[in-house]
Amino acid sequence: MIKWTVRIGYLFVLTGLIVGSLFITSYSDQKPAKTLDVFCWGDFLGEELIAKFEEETHIKVNLHTCNSNEELLLKMKKGGVPYDIIFPSDYAAALLIENHLLRPLDKSRLPFFASLSKQLCGQFFDRDNTYSVPFSWEASLIAVNKKLGLDTSHVRDYSLLFSPPPHQLKLLSSQDAGENFLTAAFYLFGNQEMLTSSQIKEVRSLLRKQRTFVEAYCDYRAKYLFTKEHCMIGVGKSCLIDPILEENPQIEFLFPETGIFVSLENVAVPVSAKASEENIYKFINFVFRPENMALHIDTASMFPSLQESLLYTRKRSDYFKALPARILDNYPILFYKLVASPSTIREVWVDVKS
Amino acid sequence: MMEQEVVLSPGSSAPALPRFSGVQRFLKLEFLSALGLLPFIWQSLFFFIPMLLLFSMSFIDNSSGTLRFTISHFTQLFSTTYLSIILNSVGLSLLTTLITLCIAFPFSFISIFHFSKYKNIISLFLLIPFWTNFILHIYAWFFVLEKNGFLNQVLMHFGFITEPLAFLNNFFSIMVMMIYYYLPFMILPIYSTLERFDSSIFEASMDLGANRFQTLLKVVIPLCIGGIRTGIFLVFIPSFAEFLIPELMGGDKYFFMGNVISLYMFEEKTLGTAVAFTTLSLAVVLMIVYFIQKGLVLFTRRLTRGVRT
Amino acid sequence: MISHSTLKKLTSPLIVFSIFVFLYLPIIVLIVYSFNSRSFPAPWKTFTFEWYIALFAHGTLWISFFNSFIVAFASTFLCFFMSMCMLFFLFIGGKIEKQLSLFYLNLVIPEAVLAVGLLAYFSLLHIPLGIVTVIFSHVVIGLGFIVPALYARFVQIDPRLTEASYVLGASSLQTFNKVIFPLLKPVLLSTSLMIFMISFDDFILSYFCAGTSFQTLSLFLANSLRNGISPVVNALATILIIATGCVTSFIFISSRKHKTRVFAHD
């Protein structure tokens, strides 16, 4: 009898030790008064920016990174570390607002708001910018190699991406299921609220057809594939413009007249934020200062929502610096608005590739 | 658990038991028997429970906030899309297994019987690519297969082709990488089984009247069937869930089981589907494995028909 | 013309040779180009060490290298420690033959499935992902190697050896130290090294279980694939391959010397 209980006792202790050690790396409950938990993409804010903020305000910043909006949404829903400031994309912000996970922002404490590009404010997910403020954005353009000799003076829509390229070449498409689906949907049907099932079927068959002349679906090797001319046509994200043109000036970026797809990153404050309001607004005001936003532009190659900050950038070409105004003033802005549920999009994507 | 007498039988598998004094015995035994089960505790904590959890999650519907038992995740999967993906994955694994087997067996056979002097060095050189980092393998094959890659440059230099061929981002490159990655897994078990033998087998069986081919069929293959079976399992089962190789080498144009799982894994709503799909695929794989096992047994029996062991 | 017999004599070496070419071609190309002064795919220019110098200046790379090393070391240590516990348990007479077969599953189950299962498990228990979760997942794989190998070798030990040592007056501890343990050292060493290398090179488990703030070398390399081919990565690849070659030779030679099987499957 004794033998058994002692044995089981030891087993429990051991199991407890193992499980306990799992929580060694977990967050501490006490938050020192001067800390901010910021959650954003990997290379988004950059060490220089954070270091500058910490030096100026003596507030410690804990940077948490993620790779996708889905991760952000998942972590927000699960709880875990209560983040103080997050940078959701447009559709992620829409979902967060729907689920009442964001705190309303006090515009009186955000004096820079008036100077932001008007075309970026008041978008579909947050008409009055109550919960979010546009921070930076990137555009998906069409990249074409001049050697193809295509007539690029008048690009109306995305037909270049959905018709077989000349000379049996193959094009490069983005990796994300949503981007491909929504671009195809826009190309076929223009701006819609929600797609009907027959429309979804059409999108699917278009994507299947497109697959036959796609070289690769990838974002990460896009720069390499364009500069080494493995792909002559494809989706060109604006963040790659400078690196690509630097290595291969033969590449041209085209702007479809019907609309340019844009991914807008916003600043928002979760309901569960623990830090003091004062610190939070200090941070937000800090990153929106032109010279600081310029640091962000240099690190992440995004377009800023504050035109003025382009004057302070160190690494961007003139071509790049002229683009935000050029795009915003001349072309309709399109968002990756979910015109079909994410699960439908994913199902179609699986079907296209099977 | 503890026996007082020492078991003294030749060929007993456990070593003789140590002698402890009373208190020592109590402390050491109870404490150590708990400690000794540590691997099993770990195994349960981090292998069995997660796998059981995974399995059970495929039956649970979490969408409405409460947990409900459901088989909707599974019924969702019975559409042509998902079934064709499973079929593709099975096809890929079977093809990989077959090709690696066809390469591995002749290779091992020749190395051991024709080059028995060098068999140690050969097996050393087999191990080195095996231990090299996976991503480096991918990187190296990009290097070789790209439009401006090594292979194309060599072919153009020698005038075999004028335009670079597209070796990458298609099914060819996926297969090349799969074979490259799984070949050591197939060669090593077969090699280590055959290592015990040498040409004297052939001499012996030819003395008894068989020719070389018959020896191969009726003696060598049945002897290393264990290694062949290990090799098949080490290649077939893991290659089924492979998603990195198709994604990186195939330009993400083809979806296999692993791709679907990683696509659905990271979102809450679709987690159930991902897990159900994993369970279903595993079931398919295990069924096929069962048939392969049976097939191997039948095959061996046929080969050794008339051969008295 | 080549005679029929010469042809027959040539086919065997040809097959072996061509398979080795297949296995080593990419590796050799990688290594050769790490010394090229022009970035691939430009043809050979001049021999240079500049990429190696650039490699040593690269900060993030060394952090992830260091991380991989720590993870591999910790996983190996944990596997070693647990198998030693099990060994002592076997030594004092425990029987685990029936439960042993449980460990065979670890290696057969696809890593992606294991990773998915562990990820779901960790997120359900709200365990934060990071270095600890990576280590714990690698240990699962490691146990699948070390436990069956150790057990197989242990039961091969002739019981008369230990009996003889008791007869000669050794205590149980001495017997363990001087009889059992030395006999098992080769297996322990080679399996531990194997686990170290598997953990160091592992990608899938690390990818799923590392979360976003922890990066191992494999994850770093996967990230650098982003930028296509860079000679700095070539240089790193060369160093890793040479290191792997040395470690493999070491395992190999030591296991041959003691006539133990690294890949026993019976």
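A few notes on this one:
Read from first to last, the chains carry the letters A, B and C; within each, the first residue is number 1.
In this section, a residue touches a chain if its C-beta (ideal position, glycine included) is under 8 Å from a C-beta of that chain, and two chains touch if they have at least 3 such contacts.
Computed from a prediction, not measured in an experiment: that's the story for all the values here.
Chain centres here are C-alpha means, and the one lying farthest from subunit B is A. Per-pair counts of C-beta contacts peak for the chains B-C.
Distance between subunit A and subunit B, defined via averaged C-alpha coordinates, is recorded as 38 Å. Note on chain placement: the centre of subunit A and the centre of subunit C lie 37 Å apart, centres being C-alpha means. Mean C-alpha position of subunit B lies 16 Å from that of subunit C. In subunit A, the residues that touch at least two other chains are 71, 228. Multi-chain contact residues of subunit C (touching two or more other chains): 41, 136, 225, 229.
In subunit B, the residues that touch at least two other chains are 33, 35, 37-38, 42, 146, 148. Listing the residues of subunit B that touch subunit C in their complex gives 1-3, 6-8, 10, 12-20, 28-29, 32-33, 35-40, 42-43, 46-51, 53-54, 57, 103, 106-107, 110-111, 114-115, 120, 122-144, 146, 148-150, 153, 180, 183-184, 188-189, 192-193, 226-227, 230, 233-234, 237-238, 240-244, 248, 258, 261-262, 265, 271, 274-275, 278, 282. Contacts from subunit B toward subunit A in the complex involve residues 30-31, 33-35, 37-38, 41-42, 45, 81-82, 84-85, 88, 146-148, 169, 251-255, 259-260, 263-264, 266-270. Looking at the complex, you find that subunit C touches subunit B at residues 12-13, 15-16, 19-20, 22-27, 29-30, 33, 40-41, 43, 81-83, 85-96, 99, 102-103, 105-114, 116-121, 124, 136-137, 139-140, 143, 147, 155, 157, 159-163, 166, 171-172, 175-176, 180, 197, 200-201, 203-204, 217-218, 221-222, 225, 229, 233, 237, 240-241, 244-245, 247-249, 251-252, 256, 261-266. Against subunit B, the residues of subunit A that register as touching in their complex are 3, 6-7, 10-11, 14-15, 18-19, 68, 70-71, 73-74, 77, 175, 177, 211, 214-218, 228, 230, 342-343, 346-347, 349-351, 353-354.
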